[in-house]
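Across the two complexes that follow, chain A remains constant while its partner is chain B and subsequently chain C.
Showing the complex of A and B:
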């Protein structure tokens, strides 16, 4: 079976062992590939799944993508517990170890620069949701009985919208204040597009989706800050996720110019 | 292992992590390195559709009156989601137009749209 190398992250050498039972995207434990004092965390994957054509096909499959994304993230999580990894985008695949080494050498300066900046920092995700009020969920009439005119439909919608707007406004104001406080505490912050509920499975509408770069040592305090703020927000839900690897703060790592090799 | 003893317990991660949180990071935020296997995630049609579903702009959606993705179980069946969105938007637009044609309060029901 032909195999390829899947790269999860680049980091500095670390002393601590990764969890023994940790497995990567193809069920194989990740290993470390050291080159010029940097470590690429890689695992062997079958070409039958990660070659160009099969990978492209797999990426169209949400189930495969889900499992693979979780496995990728699991490795990144394990690394985050012991070091500061620079996480690579899902699906970064090389033919063999020497391909990985060549890449590390070519991007060595970039890696070092970003790793220095992120050293000892983690990312916390904070989302604010407007909770749906139960009354708004109830349909005023059974839509399937009798023909409803477009007027009726739209009138109902408008009433719902108006009732919703108050909560909406309170929530966006709350989110604005929260973001201001949190970004004042954090070293850096990023605002991401709100998530739809289709995949997140979260209830309510997402009005703030932000990421904060926080030194590991200050994380406890950051979490407490979020906890305190979310207390005075009726009808509004605050969700905290993390600690993540600093995914949202790798931006200054310039994308490789498109060159044919 | 206790190197990270100062770090609070992970919140919302692990097995119960929100899929959207993970996908948005591993597909959209990590460092982009061109490997030997060249896959441009943006070229992948279905994936792109799915990512739009994950990170739909709320303002845009609200403006269009679209909130179907909040409750629609058909979303998980992945087949007609795109069509559904388009159809919904078209239907709502059509309803708006119909209402404008009948401002006096009588429903425009049964009438054809004015030529």
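Showing the complex of A and C:
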């Protein structure tokens, strides 16, 4: 079976061992590949699944994507416990160790710069949802036979629209203030696209989906800040996730120029 | 360190980060898999269609 190298993250050498039972995307334990004083965390994956064509196909398969994303995250999580990893995008694959080394050498300066920038920092995710009242969920139905006039129908519909606009406006104002406060506390912030309820299964409508870069040492204070803010928000739900590796803050890492291949 | 209880991370939160975040380097196998037509993933089609209907309150920031 031909195998390839899947890379999860690049980090500085770390002393603590990773959990012994940790497995990566193809069920194999990840290993460290040290080059020029940097460590790439890699695992061996079958070409049949991770070659370009099969990988493209797999990425459209939600079940496969779920399993793979969770395995990728498990490795990053384990790394976050012992060091500050610079996570790579899901699905970064090389032919062999030497391909990984070549990449590390080509991007060495960028890796060092961003690793310095992220050292000791974690990412926290904060989402704000508007809890919709049941009455607003129901679309105004067609007037029942003779039970109400067209005018009643229109009035009901206007009231529903207005109520929804009020809730929406209150929530966006709340989310805007929250984001301002949290951004002032955090070193950096990013806004992700609001999540679709169909996808997340979460109740309510997502109006803020943000990530904040916070020094690990200040995390407790950040969490308390979020907790305090969410107390005075009736009808609005605040969700906190983390600590994450700084996935959303690798943007300072310049996209590489097209290389001749 | 954290006072947050660890629940299982939701898939959407994960994908927000794994498919939109992280360093993009070209593997020598998968050239910019990040640029793969992700819209073709049902999931992403769903995300983008929702985003068109729900403009961000922060306009150009988002």
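We take it that the second predicted complex is superposed on the first by the 237 of 261 C-alpha atoms of A that agree within 3 Å, B and C clash if a C-alpha of one lies under 4 Å from a C-alpha of the other, contacts with A are read in each partner's own complex, and residues count from 1 in each chain.
Here is the rule we go by: contacts are C-beta pairs under 8 Å (C-beta built on N, C-alpha and C of every residue); 3 or more make two chains touch, one makes a residue touch a chain.
Remember, predicted model here, so these are calculated numbers, not experimental data.
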Where does A:93 make contact in the superposed view: on chain B (first), on chain C (second), on both, or on neither? both
For A:23, is the partner it touches chain B (first), chain C (second), both, or none of the two (neither)? neither
Go through the superposed model and pick first if A:150 touches only chain B, second if only chain C, both, or neither. first
Answer with first, second, both or neither: which of chain B and chain C does A:241 touch in the superposed model? both
Check whether A:194 is in contact with chain B, with chain C, with both or with neither, and answer first, second, both or neither. both
Does chain B (first) or chain C (second) touch A:3, or do both, or does neither? neither
Between chain B (first) and chain C (second), which does A:82 come into contact with in this model arrangement: first, second, both, or neither? first
Share the list of chain A residues that count as touching for chain B in one structure and for chain C in the other. 4, 7, 10, 50-52, 55-56, 59-60, 62, 65-66, 69-70, 72-73, 86-95, 99, 103, 107, 114, 125, 192-196, 198-202, 205, 207, 209, 216, 219-220, 223, 240-244, 247-248, 250, 253, 255-256
Can you check the complex and tell me which residues of chain B touch chain A? 1, 3-4, 6-8, 10-14, 17-39, 41, 44-47, 50, 53-58, 61, 65, 67, 69-70, 72, 75-76, 78, 94-96, 98-99, 102, 107-109
Chain A residues within the chain C interface of the complex: 4, 7, 10, 50-52, 55-56, 59-60, 62, 65-66, 69-70, 72-73, 86-95, 99, 102-103, 107, 114, 123, 125, 172, 175-176, 179, 191-196, 198-202, 205, 207, 209, 211, 216, 219-220, 223-224, 240-244, 247-250, 253, 255-256, 259, 261
Residue numbers of chain A touching chain B in their complex, please. 4, 7, 10, 16-17, 50-52, 55-56, 59-60, 62, 65-66, 69-70, 72-73, 76-77, 81-82, 86-95, 99, 103, 107, 114, 122, 125, 147, 149-154, 157, 192-202, 205-207, 209, 216-217, 219-220, 223, 239-244, 247-248, 250, 253, 255-256, 258
What does chain C use to touch chain A in their complex? 1-4, 9-31, 33-34, 36, 38, 40-43, 46-47, 50-51, 54, 56-58, 61-62
